[in-house]
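In the two assemblies presented below, subunit A is common to both, partnered first by subunit B and then by subunit C.
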Partner chain A sequence: MATVIHSAPAGQASAPPAPERPRRRAKSQYPYWFYLPAGVVYGVLFLVPTVIAFYFSLTRWGLFSQEFIGFDNFVQFFRERALVTGLKNSLIYGVLTSALKVVLGLLFAVMLTSQIIARGWLRSVVFFPVLVSTIGVGITFVVLMDPQEGLINEALALVGIDGPGWLTDPDLALYSVALVDVWKGVGLATVIYIAGIVSIPRDYFEAAAMDGAGAWQRFRNIILPLARPATVTVIILSLIGGLRSFDLIWAMTRGGPGFSSDVIASVIYKQYQAGFWGLSTAGNVILFLAVALIVVPLFWALNRKQVEM
Partner chain B sequence: MRRASRYWMGGAALLLTAALFIVPFVFIVLMAFKDRQQAARLDFSWPASNNLVSNIVEVVSARDYMLLTAFVNSTILTVASVAGMVILGAMVAFVLQRRQSRWNGAINLLVLSGLIIPPAVVPTIWVLQGIGLFRTLGGLILVEIAFGLAFTILLFQAFIATIPRELDEAATIDGAGPIRLFFQVVFPLLRSVIVTVIVVQSVFVFNDFVNPLYFLPGDENATVQLTLFNFQSQFSTQWHLLFTDILLITIPPLLMFLFFNKKIVEGMTAGAVKG
Partner chain C sequence: MIRNRRRPAAVVAGVAVSTLVLAACGSSGDSAEDANTLTFLVDNTELSVDLAEALASAFEAQNEGVDVQVETRPQGGEGDNVVKTRLSTGDMADVFQYNSGSLLQALNPAETLVPVTDQPFVDNLEDVFRQAVTIDGEVYGAPFGTAMGGGVLYNRAVYEQLGLEVPQTWDEFMANNAAIEEAGITPVIQTYGPDATWTSQLPVLGDFHNVAAEEPDFAEQWTAGEAKFASTPAAAAGFEHLQEIHEAGYQNEDFASAGYSDGLEMLASGEGAHYPMLTFAVPEIVAQFPDQAQDVGFFALPGDDAATNGLTVWAPAGVYVPVTTEGDKRELAMDFLGFIASPEGCDAMTEVASPAGPYLVEGCTLPEDVPQAVQDLQSYFEEDGRTTPALEFVSPVKGTSLEQITVEVGSGIRSAQDAAALYDEDAKKQAQQLGIEGW
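Now for the complex of A and B:
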């Protein structure tokens, strides 16, 4: 077995200096060198690659050569339809999964915080898929979504519906994968919402009951506004996850049929495999910009409103 | 009358949700019990004969016991990288929460960006090659630590804020230096968050597919997630083996879940909603 374990953070060479400097003052109980080990690992393997990605994205970079070519990679990226499809699909996928997780997560959470039978068990059931191998889930659903023999279409046939080719229809493949993503991830949204709802003081509900508010009014006027921090968390988390998503799509469709379910992350992998490292890195920079342009303003806007409330 | 119908609706909703979430897992288990012919039909049926043991033997011995190697690799990867995240993350969170300095803003920003920015894959490979850790388990462990630190630090930071500073002062008066203060006084108090971090991150690292795919290629260093991926092409007509593999690699997270079910939910909520 050719596996070697290096426990020491090797290669301090190009690490950006962790915020540590010797001081002559009285020694603090909270020394700056505590930042050092984490700073080295994080700096070398996250910050440095992130920064040099901007340079590499401007080069034609492959197995044997590396050459500075300016913005050609980006021009090429936006000229090729397959690659642009990837960008578009990432956006659709991110927004769709995030929206569904908000709606369904809230629905489940309301259900699972009310007085129902087997509540604890149901909470576990909904959460369990979060913990299971994404690739395993992907393969399982490929089989369940099989147009002829798959369980889903057989169940639909029982009620007289002719089920579509979930993963073989180019117009549908991306959405089918997105649905499986929601199936797998909604448990996390639910748990976050449960926490948000449980932390709402009981007095509000008692006062509302006194005023004769019905279930819908309680939901509309108490739960919805007061669970807002949870909503922000769910939206941000699932949007970031959705935009970056790769493993489920790769396990289920490999970006196909054709390029119909390719996302940026799968484009990055395909270009890397094909030896176009510069183009692959350009894809990464585009993903970075997409995430930054969408998530950062959203984060800011959502959090600001929250303060006003 | 209304009441009864509401119960009826609730019950139906319950059954539907439960079925929706449980059926796929039942399907995996059923498939793992079937023989080759029956599994190839891909239907939701009771196994005609019990083939679980022979399926397991076949999957484990496939490709020169690749699955065993993969389990060893995944275990080392998970234990080492989660240990790294916990210790390094707690150290950063401790100083960051306790010591106000002009660095704090910048470090908080770095932590947040670690949560948001998608890692640049090929440049990371380039760096790993530069320091001679590409295609090594050690390299992958460090990568997992680097990518997992942000989330870990955020969880720890929120929790450390709830530990009174008087405790630090008392320990200092008793003559404890920073190292003893941290490892003997503060660290043990973090136990409940540590459990959360361990559970969440080890499930994440164990199930991680993308990072091993990029940073640890090659059959001889496969992790369990990669065996699925590798077996998928080889076994695509042998669904019974593929599903046996899925079942086997789902067992560790399943055990984790059974043991720490309550903790996961508590910890996730404590950490996630404050943010």
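Now for the complex of A and C:
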């Protein structure tokens, strides 16, 4: 999380005014071996397990024994009906949360960079949900979304609407969780956008003012194109987050009712819980490949256009 | 910019510091272990913790200088994770409580647990429990708590008011439901809230006596991969009953979000008449609703034939000793297991929690004033041939997604026949993982 907040504004700052980049590259104050401790930690705790995981995904792996079974785990995983739902749900979830975070994040950022009352306070309010524990948010919304006694449906009842079973209706559960995810995550997107908008040189706005551009034209022709690096960052981050999201879904529905809000990550977790460690590892490899296959080309396409601009 | 340049150094320093802290944590840990101290890991339900504390203090009182420390872990799948992980990393408590039957099999007892086959207390165990903790000829545990019945908890006040009789067949049960609904009372309580999905399995798991009555070899053939739920009408009946209840609209309105304690409250208050459940709910009802506890009775899940009507029995969880408990400590642990499986142990448990059924240890007795539901349960044990251990105690093969599948059937998302087939598919994974022939 922390690295995201740090690197994003720096990226934006360097993108539009070109000359800054070479200057920063040229002079690193510290020798490379300073990175060694971090490299070792990363290697031992991340790279090595990742490589080992590829092997274990080919085994039937229990408490003390493992048996090499080739690609049986993958075959089993793809035969599982829950996985197909999970794959579809992960895509819906990732795309939906990502899109909403882009739209809402941009709107909030425009509002919070304009001259409005209590701007600092409002910025904190928007960012606040990001700081709260995901599990806590999940449990809170389970209570709020209770079909009979939840605050949301009670409020709807006051205006004469019979609220749905947000988390208990199999057609609705996934979308309800996605909305909570957006509520919780939009603050981060907003901050990234604020950094992007603030780093747009004032000259553009002054020039536009001279030409008599209105608010809409300023948004359409200056903010939207020049905040593009921020858009790319938000899309990529929230898409990856959405595709592999687990904690919120687990806290709110456990993939239920039945299997209707299962995503890949929750299917994998359930295999692990059941003691099917090889199968669960195979699921993780599939998740890894799926995220890579979606995000890498997307990242490449988005960044290529950025250079052309 | 200046601030930006500093950051990498800060990060590196931070990582270095945290590695040092981690290393420091690793090296402290298990020093100063006392041979007279036992750690005892149990699940974190109130009942389990009460029983464990009672056993611990009674054992301490009997053995001077001994200290038993109760630790807790989550229930259900999360708890399975904790137990499996701690066993595989050699980090298990000195003694621990865990399910008997098929779930125990998945712990690979031959490699992870110390057999208790030679211990004198094993002779005092009733067969139902001994079978549930015996794997490849070795016995592994002492019973934690009492045996339970899986069937229907019902509200006797409602039955009395409407002049109903305890049903012996499924048709009689559904006729009762119709009458109860007419009276404006919820006929069947179902609770599919996020933490209570397991309760949805009872109509299927509790029906096993009826399955075995019709197909005596089912367990054996199921283990061998020859019999399936989908292709055995008696076995698929459990799923079908659940579907019938949903289609008739007999469930409480909030079945999709209600939790386990909501279910107990509805039952005790008479807002709902039937709750398919294990009798292990009885102590909790007694504790939470002391005034209404005598209103709650129990009957076995009715099947097709009144003549073979009987009860599906759950063996209690076991207390086990992992191989990582060695030397003097292992002896102390064995003494503790022996104490648990003795009349003194049973009495210590009875003192803190009203029993949910008979203890499976010779010489253990139930108090005179057991709750009504437990009396009802006892009556099944008194006649021969009216009890059958649940499938999970006679076969190692149990699918892990049954609760999601039964939630789907009970919510009308999936048909009973489709669900039975899906469960067969689900069980296959478990069987393959255990390396059982025929799957």
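The criterion applied here is as follows: the second predicted complex is superposed on the first by the 272 of 309 C-alpha atoms of A that agree within 3 Å, B and C clash if a C-alpha of one lies under 4 Å from a C-alpha of the other, contacts with A are read in each partner's own complex, and residues count from 1 in each chain.
By our rule, a contact is a pair of C-beta atoms (placed from the backbone, for glycine too) under 8 Å apart; a residue touches a chain by one contact, two chains touch by 3 or more.
Quick caveat, the model's predicted, so the values are computed rather than measured.
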{"item": "Partner, of subunit C and subunit B, that touches more residues belonging to subunit A", "value": "B"}
{"item": "Which of subunit B and subunit C A:Asp146 touches, first, second, both or neither", "value": "both"}
{"item": "Partner chain(s) touched by A:Gly258 [first = subunit B, second = subunit C, both, neither]", "value": "second"}
{"item": "Partner chain in contact with A:Ala38 - subunit B first, subunit C second, else both or neither", "value": "both"}
{"item": "Touched partner set for A:Leu131, first subunit B, second subunit C, both or neither", "value": "first"}
{"item": "Partner chain in contact with A:Ile249 - subunit B first, subunit C second, else both or neither", "value": "neither"}
{"item": "Which superposed partner A:Tyr30 touches (first subunit B, second subunit C, both, neither)", "value": "both"}
{"item": "Subunit B versus subunit C as contact partner of A:Ile235, first or second or both or neither", "value": "neither"}
{"item": "First (subunit B), second (subunit C), both or neither touched by A:Tyr272", "value": "both"}
{"item": "Those residues of subunit A which subunit B touches in one complex and subunit C touches in the other", "value": "6, 10, 29-30, 34-35, 37-38, 41, 146, 272"}
{"item": "Subunit A-facing residues of subunit C, complex", "value": "1, 4-5, 7-9, 11-12, 15-16, 19, 77-78, 80-81, 84, 87-88, 106-108, 111-112, 192, 194, 197, 253-254, 256-257, 400-401, 404-405, 407-408, 411, 413-414, 422, 429-430, 432-433, 435"}
{"item": "Complex interface listing, subunit A residues touching subunit B", "value": "1-7, 9-11, 13-14, 19, 27-32, 34-35, 37-39, 41-42, 44-50, 52-53, 56, 61, 108, 111, 116-118, 122-129, 131-137, 139-141, 143-144, 146, 149-151, 154, 183, 188, 191-192, 194-196, 198-199, 229-230, 233, 237, 240, 243-244, 246-247, 250-251, 265, 268-269, 272, 277, 280-281, 284-285, 287-288, 291-292, 295-296"}
{"item": "Interfacial residue positions of subunit B with respect to subunit A in the complex", "value": "10-11, 13-14, 17-18, 20-25, 27-28, 31, 41-44, 69, 73, 76, 80, 84, 88-89, 91-92, 94-96, 98-99, 103, 106-107, 110, 114-124, 126-128, 130-133, 136-139, 141-143, 145-147, 149, 153, 168, 172, 177-178, 181-182, 203, 207, 209-210, 213-214, 220-221, 224-225, 228-229, 232, 239, 242-243, 246, 249-250, 253-254, 256-257, 261, 264-265, 268-270, 272-273, 275"}
{"item": "Contact set on subunit A toward subunit C in their complex", "value": "6, 10, 24, 29-30, 34-35, 37-38, 41, 60, 62-65, 67, 76, 81-82, 142, 146-148, 165, 167-170, 252-260, 270, 272-276, 279"}
